[in-house]
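Two complexes come next, and they have one chain in common, chain A, joined by chain B in the first and chain C in the second.
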Partner chain A sequence: MDFYFGLAQTVGIHTLLGLSAYIVLLTGQVSLAQAAFFAIGAYSAGMLTVLAGWHVVPALGVGSMLGAVTACAVGFPALRVKGLMLVVATLAFGEGVRLFFFNFDYQVAKGGIRVGPLGGEGFRQIRFFQEHGWTTGEVMLFIWVFVIAVMALLWWFDRSRYGAVLRSVGEDEVAAQSVGINLTAVKLSAMTVGGAIAGAGGGLYAHYTTHIEHANFNVLLATFAIAYPIVGGLRTVFGTLAAVIFVQAFLVEGLRFLGDWRNLLFGALIILAMNLRPHGLFGRHGA
Partner chain B sequence: MLELKALSRYFGGVRALDGLDLTVNEGEIVGLIGPNGSGKSTTVNLIAGLLPLTAGEIVFRKQPLRDVPVHRRLQLGIARTFQNIRLFGQLSVWQNLWVAQNSPEDRSRRGFFSRWLGGQTRGREEIAQLLEFSALGHKQNELAANLSFGEQRRLELARALAARPKLLLLDEPAAGMNAEEIGQLRQRIVDLRAKGITIVLIEHVMELVMGVADRIAVLNFGQKIAEGTPAQVQSDPAVKKAYLGGS
Partner chain C sequence: MLDFLQTLSDGVLFGATYALIGIGFTLVFGVMHKINMAYAAASVGGAYAGLLVLKAVAVVPAWMVFLGAFLAGGMLGWLVYVTCFHFIPLSSPLAPLMSTVGMLLLIDEVIVHLTAGMPQNYPAMFDDVMLRFGEFTLRGDLLLVFGISVLAMIGLLALLYRSRLGLATRAVAQQPIAAQLCGIRVTRVNALTFVIAGLLGGLAGALIGASVGALSPLLTTPLTVKGLVVTVIGGLGSIPGAIVAGLLVGGFENLFQQFRGVTERDMYVMLLLFAFLVFRPGGLFPAKS
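Our next item is the complex of A and B:
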């Protein structure tokens, strides 16, 4: 049973990561910085529970807020560039954040051992859940409360005028500004919401793995973040969830018995899925 | 209402628009005609703010527009349609009008919450009126991309009207339309003027522009070669030579 709980945790956290990219993609922007906001949430929430002894809920709140503030600060200059230039700019920022954590030491002695981030060694012993006796099932439920809350929020956005405005910017920026939409404000708001979601997801990730290091937040994770909503389609938030289940449960876990052949098949199946469903697993037909 | 003073726009060495002076008075329909490449669309893009000015000045209701960004110009009351239709194809007809409700009245009447996050009730009546005006009521839940060409043209006009503009820039609204559709468009333009909307009409379809415009300016190679009533312009020898051709 624990295996399935563990898998559900992974799916939940990757769904949060994918949804953080989903809202940004709605405005037509491809951001490779989502892994960086995820890392900022992971390190800050972890430090607050381990070093400052906070409860995990306010720590996640702060992690989420820092993710949002960083995303807003990065978005302001970055969103002046478009297309490939934005991809490169956000990629550079993401790598910058990763290298920051590679060199980031802040350890204090607690109960005879030194805890806190230690550069390339990473940040070990983020054991809030274990110390407070949470079972794997409880942690899984805790993660999914966040996933469901975020999915509900984005689903509601999609039903609101705000969602239509996000999509209109994604479709045609010239037309959008000509009908009175402030492109910078709309893109920046999407980036900020995305940063908040990634920050919360990162905080949860740090606490369920108990050990994070800079290499967890590399370009591959940033690529996964945008791959989920693209594979799943941008029609609804459920597409992103379906893509995460497809990739994490079916491709990564389901094909584990294939050994090294899995990696080969992994790429082939994603290509096959994109060919059979070019607008995403949950995208619309045609058009 | 709108004054263009020595308006110029160069693309490299090409003078797309070269020192255009034009005044548009409140409640007027001003036609802008000329051969392809004479600077008509450039003029609209300059007024709408999509292109920066090379030289000259645009004054709208006593306010210089040089440093006003595109979305702010709409809030001042300048709306437009595009020569090549630019709808939000993956949004419904209804949503296309919904996202375009950005007039100052809309912005002040509704708080942040209801303006951005309210459900599909805000401005519903106005959208219904626009759909009726455009004969699109039966298509309101259709994706804009699935509309016919004529319907898309009507929706684009309705979308421009959703912001309650004072000045409407129409960039070849009749392009690709059949005679019946042009007749309906003509009636809509006359109706809009009756509602007090000032219109700048760029058009190649002479029967339309000659029929509705109060005044017409003729452009050729980025310069104004004639201006006057439709009758004056039609009998102007320079216009005949450059554009209207024939007899």
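Our next item is the complex of A and C:
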């Protein structure tokens, strides 16, 4: 049973990561910085519970807020550029953050052992759940409370005026601007909400793996973040969830019996999926 | 001061390979207005293919490995076009981004699969030659890398500005619909652009292998990032921009590697990119619109 709880935890955390990219993609922006906000949430929440002895919930709140603040700060200069330029700008920012954590040491002695982030060695022993005796099932439920809350929020956004505004910017910027929508404000707000979601997801990730290091937050994770909503389609939040289940449960876990060949099939299936369903598995039909 | 010059010149010479990768990105972007995320992976893949195929046949001199990589790169370029671009409608800009990421993962995994994840030694030429000017030296193999890159760039510019195919390519880049109305087959030009970019990429991959001394699938992600950085610093779609930016990034990163260490090196490259995005978002040679 623990195996399925573990899988549900992974799916939950990746769903949060995918949803953080989903809201940014709605405005037509491709951001490869989501892994960076995820990393910021992971390191800050981990440091708060391990070094400052906080409870995990306020620590996640701070991680999420730091993700949002960073996203807002990056969004300002980065959203001046479009298309490929934005992809590269956010990619560079993400790599910059990763390299920052690669060079980041902040350790304190606690009960005879030194804890905290240690550059390339990573940040070990984020054991809040273990120290407080949470079972795998409880951790899974805790993660899914966040996932469901975020999905409900985004689902409600989609049905509100705000969602219509986001999509109108994504469909046609000139038309949106001509009816009086402030493009920068809309994109920046989407970026900030995305940063908050990624920050919370990162905090959960740090506590569930107990060991994070800079290499976890590389370009590959950033591409996965945008891959989920793109593969799932941008019509609803459930597309992202379906894509995460498709990738994590089917491609990663379900094909494990194929051994080495699984990784080969992985890339090929993504190519095939995009050729057959260019608007995503659950996107609109036709052009 | 001598240290500084030595480091700078080594970096600039190696930067020629970044320039080649940057040209590939910029060429595809200029013609199709799409990003080919698989480009650096295909380049390394071409270099591997050249090495593995020829090694399986016989022990061959380095120049034949380079030629093999050049040709294999072109074929991989065509393959990337067919699998990731040809069948996807223009109206879904996100789909090719994702399919080329799939291709990147696929090429990486094929390489890992074929070589059992072990780095492969790559043959070099003139690696025992050393030009000395007092204390200042120039490595023969890096000079060769630089020389071949320059020749490849001259060849590309000649192709683009002195041939009918180049004229068609530039026409499609400027106005695809108008070009089609003039009787140019746009899909054929697109495919050929990928082949040409792939040829350059395979060559770049081989040159990188030769100057590093080994090839590893771990090279693909950093090369993708560097190639994109070079493309943006140079100005999207600008070939001279990509050349200058490649040399600039090569020299810049080598200086920081020397004086700040290898773990911090790329952080400064990213800062350089951010400085460009803030102060000169169009890059060194902004596209005229």
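The rule is simple: the second predicted complex is superposed on the first by the 286 of 287 C-alpha atoms of A that agree within 3 Å, B and C clash if a C-alpha of one lies under 4 Å from a C-alpha of the other, contacts with A are read in each partner's own complex, and residues count from 1 in each chain.
Definition applied: contacts are C-beta pairs under 8 Å (C-beta built on N, C-alpha and C of every residue); 3 or more make two chains touch, one makes a residue touch a chain.
For clarity, every value in this text was computed on a predicted model and none was experimentally measured.
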Taking the superposition on A as described, I'd like to know which of chain B and chain C A:G180 touches: first, second, both or neither. first
Touched partner set for A:D172, first chain B, second chain C, both or neither: first
Could you say whether A:T223 touches chain B, chain C, both of them, or neither, answering first, second, both or neither? second
Applying the document's definition of touching, compare chain B and chain C: which contacts more of chain A? C
With the two structures laid over each other on chain A, which partner does A:R161 touch: chain B (first), chain C (second), both, or neither? first
Just checking: does A:T135 make contact with chain B only, chain C only, both, or neither of them? Give me first, second, both or neither. neither
Looking at chain A, which of its residues have contacts with both chain B and chain C? 287
Contacts from chain A onto chain B in the complex sit at residues 156-157, 159-162, 164-165, 167-168, 171-172, 174-183, 287
Provide the residue numbers of chain A that touch chain C in the complex, in ascending order. 25, 30, 77-78, 80-81, 83-85, 87-89, 91-93, 95-96, 99-100, 102-103, 119-120, 218-220, 223, 226-227, 230-231, 260, 263-264, 266-271, 274-275, 278-279, 287
Touching chain A in the complex: which residues of chain B? 48, 50, 69-71, 74-75, 79-80, 82, 86-91, 95-96, 98-100, 102-103, 115-120, 122, 143, 145-146, 159-160, 162-163
Residues of chain C that touch chain A when the two form their complex: 29, 33, 35, 37, 83-84, 87-89, 91-92, 94-99, 101-110, 112-113, 221, 224-225, 228-229, 231-232, 236, 263-264, 266-267, 270-271, 273-274, 277-278, 281
